[in-house]
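One structure, as structure tokens, below. Some questions next.
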Amino acid sequence: MNGESSVEILTEWDIVAARQLGRNVAKELGFGTVDQARITTAISELARNIYLYAGKGRIEIQQLTQNGLKGILIIAADNGPGIPDIRQVMEDGFTTSGGLGAGLPGVKRLMDDFKIETSIGEGTDIRATKWLR
Amino acid sequence: MVQEIENQYKEILNEYMKKQTEQNLYVGQNFSRQLILENIAPEEVISMHKVAIQELYGELPDIVWHSFDFLIEMMINYGLALQERQSLIKQQEELKVEMDLAANVQETLLKTKLPLLEGLDIGLLSIPARKMNGDYIYFVSDQEGYAGVAVADVIGKGLPAALCMSMIKFGMDSLNSAHALPKDVLSVINRIVEKSIDDSMFVSMFYGNYDAKRARLTYGSAGHEPAILYRAKDNKFTELYAKGLLLGVSPAAVYEEHTVDLENGDLVIMMTDGVTEGRNEEGFIEREVIYELIEHKKTEPAQAIVQYVYDELERMQNAQFQDDFTLVIYKKV
Amino acid sequence: MVQEIENQYKEILNEYMKKQTEQNLYVGQNFSRQLILENIAPEEVISMHKVAIQELYGELPDIVWHSFDFLIEMMINYGLALQERQSLIKQQEELKVEMDLAANVQETLLKTKLPLLEGLDIGLLSIPARKMNGDYIYFVSDQEGYAGVAVADVIGKGLPAALCMSMIKFGMDSLNSAHALPKDVLSVINRIVEKSIDDSMFVSMFYGNYDAKRARLTYGSAGHEPAILYRAKDNKFTELYAKGLLLGVSPAAVYEEHTVDLENGDLVIMMTDGVTEGRNEEGFIEREVIYELIEHKKTEPAQAIVQYVYDELERMQNAQFQDDFTLVIYKKV
Amino acid sequence: MNGESSVEILTEWDIVAARQLGRNVAKELGFGTVDQARITTAISELARNIYLYAGKGRIEIQQLTQNGLKGILIIAADNGPGIPDIRQVMEDGFTTSGGLGAGLPGVKRLMDDFKIETSIGEGTDIRATKWLR
């Protein structure tokens, strides 16, 4: 693992900063235009979730190297209220039809790997990875 | 994305750019179908498009390339919505399998046996408007020549209605008699329904008990569509009406019963409102239309009459039944 | 398409074309979300894009405009797929409403009343893994101090399983007695099940009949998870096993029954395999774990014990129950 | 009603001819690029259905005027085997997931108005209209 950086999410402008950071790293790693846009969208969604539901938190971008593969890891962490019903927020149609955007199912689709840990009153930690092929 | 697809795209686009014929667009659209099948997202199509244009006409102004980059970004959420569609289709297919299985279980659970009695020809057809049938037919019969039939309709359709059917069946089973009187049968089932379902659900039911030895039908009704009697001798139709509240309204409900003696060729036509309340483009289908249909086939076996009425009504309504359709005919032969 | 949307698009695109900042793309993507919500098809986005570029930079070569026309044609099928998504979401919501309604009907239809007897404290919890419960509990009791309980599990889950529950309820109702012997109860229900469902469906059932006056439990089982007896005096757990085939296998099946006398503080723990066959990341949760949980709360009311066991097992399994969970405790007090 | 023309569908090339005819009429009536593409796609689907399932048939294009509105009417008629289960072919996911294209639900969505008459062994008559707004 090498190369690491993060953005504190407090205002809507920080969402843009997190996107920019992610796009730079993705471009540097050699992801194509479409994948850059997807990674950026995933970061955008995660940062927006922090901004909307936790108030503040952090987006961290890491470059990964594993078995000769390069990849990008997005970590979205907050100490917000946590997610009471994970099953529900991971359900299709639940977020999108409500106009909340791609939501977490969207992030899962945009990336190769998706993990979520959440605990009521303590916060949420989401890790999403995309590998360069 | 596969290189081969990109090459195909470029080639199709190139042909179009040269001549812009309808033929080119037809080929392009057929190709887009294939792209969807291979889960190529719309943002990937734009990207392929950009690359192809770049390779075919390298020297365009920068604004063209920027404009494509913007489109790619705009399409990401569209791509996600499309992926969601895939997963919704899969979920729907799973649910369909479960519903099919449930409909099978329901059918086995509630199956009934057509009575075989000397001098009585029975026709029966029950077609649900949706997956699950909210109409229910249950026969009881014995060696002494009795053939009882319950024709029930739960107010409401689909699954919630279908679940209530078991009450009718097990209620009738608990009576354990084929010559119980309609007013008693209706009272018993009424009490079960009243106890078992909440105030928002009701069931209408006709109960007819036919004594083959005496060729006598005794019948009662709990707010159900009246049966029809066809008198072969007079070539006339009359309604068999009996007073009674819907099942489940009040535990103290009392049911009337009436008796009618059949002669050869007479028909007793029992049904749910799905038969009489069909609609075509001009409005409700008149009751007289049904009389005419029956009259037209009156000399045929009961099953043939029933099938004919269904086929004709289906045709009149463009196969769009709004309600479950159930028709039973007892023919004295 | 609304003129306002076209203008907004043009403005956002224009900003992007000037500086190509991340901020511009963020605004663009948020706008694309709104476009999806307003059912703007992707082909309309391309068309809007083309018009905006035309208005902003009129003097581009013809190939650019042709290229957009081709893209519009390519997107038509994508737009259709998206509309299909809308209709699938709507269908799914309707189905969800129907399933909820059905679950309600099922609950009312199959509801049971907890017996209230001197010297007996009962705890009960039944939680379905999916929408519909494939486990079923039915109590029968009378003034003479008998409290019978049927604990049944249909092999299979979801709707098809839930439909079979009515057989148990109406079968028990038809017995019309709270002190019927377990072997007789199981035989009767077995014959109903055997007659009513096809060979691919089976039901396991435990029947326990408690005589409060004698503090005596008589029990039998049709291939069901053994109950557990907790002896307060010895602080020990033993299984209450009784031989018997699953319901529905053979109409001639014969069921054993056994008797056990309870003393103060003794517990009879009846359940379905959803309780004992829970898994966590390391594999199956051991039976001993359940014993420990019960022992920990043995002095509390039966309902508190039941709730505690569920909460702890839920925690161990990360709230991911694979099977319906049903737990009944009879506590002699 | 004025202006009327039709194309016999016998080979795949006739599908293209029907498309071309429809596009010309749509353009002449003043439909925009997107609507032209949609009308053409609907014609394409209907002609393809004839070609694949009936073997031969006819696509007819009519210009409509009604209450001051102008519109286009597509008639697809064949003497083929008919459609045994209309409900099924009008179901979402049934045709598209099977790779048969937009199918009849697609045609219905592309146009404003859609009517189908079919009879086993006798053939199918489909009429689809789109109004100019």
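A, B, C and D are the chain letters, set down in written order, and residue numbers restart from 1 in every chain.
Keep in mind that, in the parts below, contacts are C-beta pairs under 8 Å (C-beta built on N, C-alpha and C of every residue); 3 or more make two chains touch, one makes a residue touch a chain.
Since the model is a prediction, treat every value here as computed from it, not as a measurement.
Novice: Return the chains shared as contacts by chain A and chain D, ordered by label.
Specialist: Touches both chain A and chain D: B, C.
Novice: Let me have the rounded angstrom distance from the C-alpha centre of chain C over to the C-alpha centre of chain D, please.
Specialist: From the centre of chain C to the centre of chain D is 45 Å.
Novice: What's the distance between the Cα centroids of chain B and chain D, rounded to whole Å?
Specialist: The separation of the two C-alpha centroids amounts to 29 Å.
Novice: If you average the CA atoms of chain A and of chain C, how far apart do the two points sit, in angstrom?
Specialist: 31
Novice: So which stretches of chain B touch two or more other chains?
Specialist: In chain B, the residues touching two or more other chains are 25, 29, 33, 36, 69, 73, 76-77, 81, 84, 88-89, 91-92.
Novice: What are the residues of chain A that contact at least two other chains?
Specialist: In chain A, the residues touching two or more other chains are 41, 93, 96, 101.
Novice: Chain contact graph: line, ring, star, complete or other?
Specialist: other
Novice: Give every touching pair of chains, nothing left out.
Specialist: By the stated definition, chains touch in these pairs: A-B, A-C, B-C, B-D, C-D.
Novice: State the interface residues of chain C toward chain A in the complex, per the touch definition above.
Specialist: 22-23, 25-26, 29, 33, 36-37, 89, 92-93
Novice: Please give the residue numbers of chain C that touch chain B in the complex, ascending.
Specialist: Chain C reaches chain B through residues 13, 16-17, 20, 25, 28-29, 31-33, 35-36, 42, 45-46, 49, 53, 57, 60-61, 63-64, 66-67, 69-71, 73-78, 81-82, 84-85, 88-89, 91-92, 95, 98-99, 101-102, 104-106, 108-109, 158-160, 163-164, 166-167, 170-171, 173-174, 196-198, 201.
Novice: Name, in rising order, each residue of chain D that touches chain C in their complex.
Specialist: Residues 32-34, 37-38, 41, 92-93, 96, 101-102, 105-106, 109-110.
Novice: List the residues on chain D that touch chain B in their complex, please.
Specialist: Within the complex, chain D contacts chain B at residues 15-16, 19-20, 23, 40-41, 44, 86-87, 93, 96-97, 99, 101.
Novice: Taking the touch rule as given, give the residues of chain B at its contact with chain A in the complex, in rising order.
Specialist: 41, 43-44, 47, 50, 69, 72-73, 76-77, 80-81, 83-84, 87-88, 91
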